[in-house]
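What follows is a set of notes on a single structure, which appears directly below.
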């Protein structure tokens, strides 16, 4: 079995008095591509932020590349082994080149190397012609490509994708997902991919974790978890998630998958 | 911190640099650097705005500085504040024109070595048509009574200055409590009060020096002068160095001596003659207060 | 009206002839207000950023303090700085009363909340997602601070402009702690007030014209930078 890149033990996160994340045990191994799926408010993004050392859990233990995260741990050093793409691109004011280079510059990478690596990353996502453009003049799809290039250029040991395509229109989204899946497979980067749409999972992941109400309710290979029963349940979930949430955020507790797995 | 520096995008760095440089240059303009004098060479003179406004100190202070080598910090404030600075030992020497309050300060022990320097006088001025009919009156109190009776506009300094105090004294003497629409408080310095008075075509009490300096701009005439109650008597006094250890005793003493010295008195007696045709001050060193105004 | 014309003509000649006293007053004004603004920026920009970003107990209190401070009357600052700097005050031993340094201190106190407040507002307007994104890409605390400041640089420049404008036009505090001593602590505003009080309106107008030109020139320069930043 390959080494664990991320390991969570008894991790709990509270928001106010509400328990938003409760993970007894979760391991992500090198080279794995893990999809985290569940309705809005299930704790997916919180889980991702805990893994990315952006959020300190109230309780529990996290290890990154075998190193336990403790009170005095230099989080910046750990974060520099990872990269994240968020739902929205959050590009800085400046050129596309500057935006893709920002992480490398943070790490003090020499100029020439920055240039070479940025150009390569831009080419990977087919946006080398945009290098000199002001980032804020780009379309939604182009912006998200810049955001992806900005993460990939860092050659992270773990890549976090937090619903990276959900703000795009359907055709753009499917095209980008296919491309992204291809890049992920080619680079073999360990990936944790959050989505609320089961359709997206096969593009990017070979293992799936299903979350609801802050808990992991299913965990296994995509094919297994997305087996006949589960697929139907997940389809229900995808269909019902919207109205459940719109009615009551805590209504998720009555969610059928959660009941079935207990 | 090379990673930090390389993070700056080039144009942002330029902007910041330009600003920092600009401020840096401004901050170190050498020509504007004031010479910091050691405490013993520095004399803080607390005086009234009216003294400064006459321009006399602009002539006297450089004289004193070149004669003695002291550097004077002239703080021109209201009479009340000047005396309070003395009472707290925050000044070394005082030049004021509020004899009663000054005597109290001397009696309290905060001030010492008080000497008569000079006087000028207050005058009552008003619009040329003299609606209250005070022209030629000898008594200031009498004139105030007539102004109040006529409900003619009177503009008061209203700032608790020496002039304002003098005005209140005269109202008290006249037995009139000034209030009503005709009595207006400017809350301003003498020059500005005169200007307001001229605009409103009212009466006011002013020192002669400020009036003479502004005469050509004002539509105001002198109606009452020469009353003993209208004298504005200046004394210089040291803040007591035995009471306050941080007070510059020798510096204060030197300034008092300078103000009553014969050469200084000559300058005072001729100050303003060239510009206004008559002196603004009467040099009085060596006289006693009772001799004045007779 | 002739008074205004006279004043402007006088201002022109004072500058052309480089009247020594007027030049000295002008330079001192620039030096005091420039230095005070610099200090306020050096302290206020990081402070505003930290206040905008952090969540600590008492933040509300601190933010309210800054916002109140933005409208701090200069005479109040002058009074408190005076009380501190008087010979018999707690800092009297420094012998700073009636010096340009005292004026810089007072003006810094006036400008600091203005710069802090504007910076805080500017940083606060940024999407919190930018923060998360930059941290996830490996930004250190200082790098994050710098990136956010750069993103909010229009607001930061507005902060500088407001701070400088606040102190160069200020009179109450400088009069009180500087004393308007000729050749030592006389600046454009205190000199203008004194000339008005003396009835030398032409001189007062001349000084005010210089003050306005100076304030306008520097604000124009900063605004130019700001607008350039908008299109860069």
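Letters A, B and C name the chains as they come in the text, with residue numbers starting at 1 for each one.
Simple rule for what comes next: a contact is a pair of C-beta atoms (placed from the backbone, for glycine too) under 8 Å apart; a residue touches a chain by one contact, two chains touch by 3 or more.
Treat the numbers as computed from the prediction; the structure is a model and nothing was measured.
*Asks:* Applying the touch definition from the top, give me the chains sitting in contact with each of chain A and chain B.
*Replies:* Both chain A and chain B are touched by C, going by the contact rule given at the top.
*Asks:* Using only alpha carbons, which chain's centroid is the nearest to the whole structure's centroid?
*Replies:* C
*Asks:* Out of B-C and A-C, which chain pair has the most contact pairs?
*Replies:* B-C is joined by more C-beta pairs in contact.
*Asks:* Among the chains here, which has the CA centroid at the largest distance from chain A's centroid?
*Replies:* Greatest centre separation from chain A goes to chain B.
*Asks:* State, to the nearest whole Å, the distance from the C-alpha centre of chain A to the C-alpha centre of chain B.
*Replies:* Here the centre of chain B sits 75 Å away from the centre of chain A.
*Asks:* Suppose each chain is reduced to the average of its Cα coordinates; what separation in Å results between chain B and chain C?
*Replies:* Taking the average C-alpha coordinate of chain B and of chain C, the gap between them is 30 Å.
*Asks:* Please report how many Å separate the Cα centroid of chain A from that of chain C, as a whole number.
*Replies:* Once rounded, the distance between the two centres reads 46 Å.
*Asks:* Could you tell me which residues belong to chain B and also touch two or more other chains?
*Replies:* 3, 7, 9
*Asks:* Pull out every residue in chain A that's touching 2 or more other chains.
*Replies:* 102, 106-107
*Asks:* Mark out which residues of chain C touch at least two other chains, giving numbers and ranges.
*Replies:* 140, 143, 147, 150
*Asks:* Mind listing the chain A positions that touch chain C in their complex?
*Replies:* Of all residues in chain A, those touching chain C are 49, 52, 54, 76, 79-80, 82-84, 86, 88, 90, 92-93, 102-103, 106-107, 150-151, 154, 160.
*Asks:* Could you please specify the touching residues of chain B with respect to chain C in the complex?
*Replies:* 1, 3-4, 7-9, 11-12, 15, 18-19, 22-24, 26-29, 31-32, 34, 36, 39, 44, 49, 52-53, 55, 58, 61, 73-76, 88-90, 188-192, 194-195, 210, 213-214, 217, 244, 246
*Asks:* Tell me, which parts of chain C touch chain B in their complex?
*Replies:* Going through chain C, the ones touching chain B are 23-24, 27-28, 30-31, 34-35, 37-38, 41, 86-88, 92, 95, 97-100, 140, 142-143, 146-147, 150, 153, 160, 179-185, 194, 196-199, 201, 221-222, 225, 228-229, 232.
*Asks:* Which positions of chain C touch chain A when the two form their complex?
*Replies:* 127, 129-130, 132-141, 143, 147, 150-151
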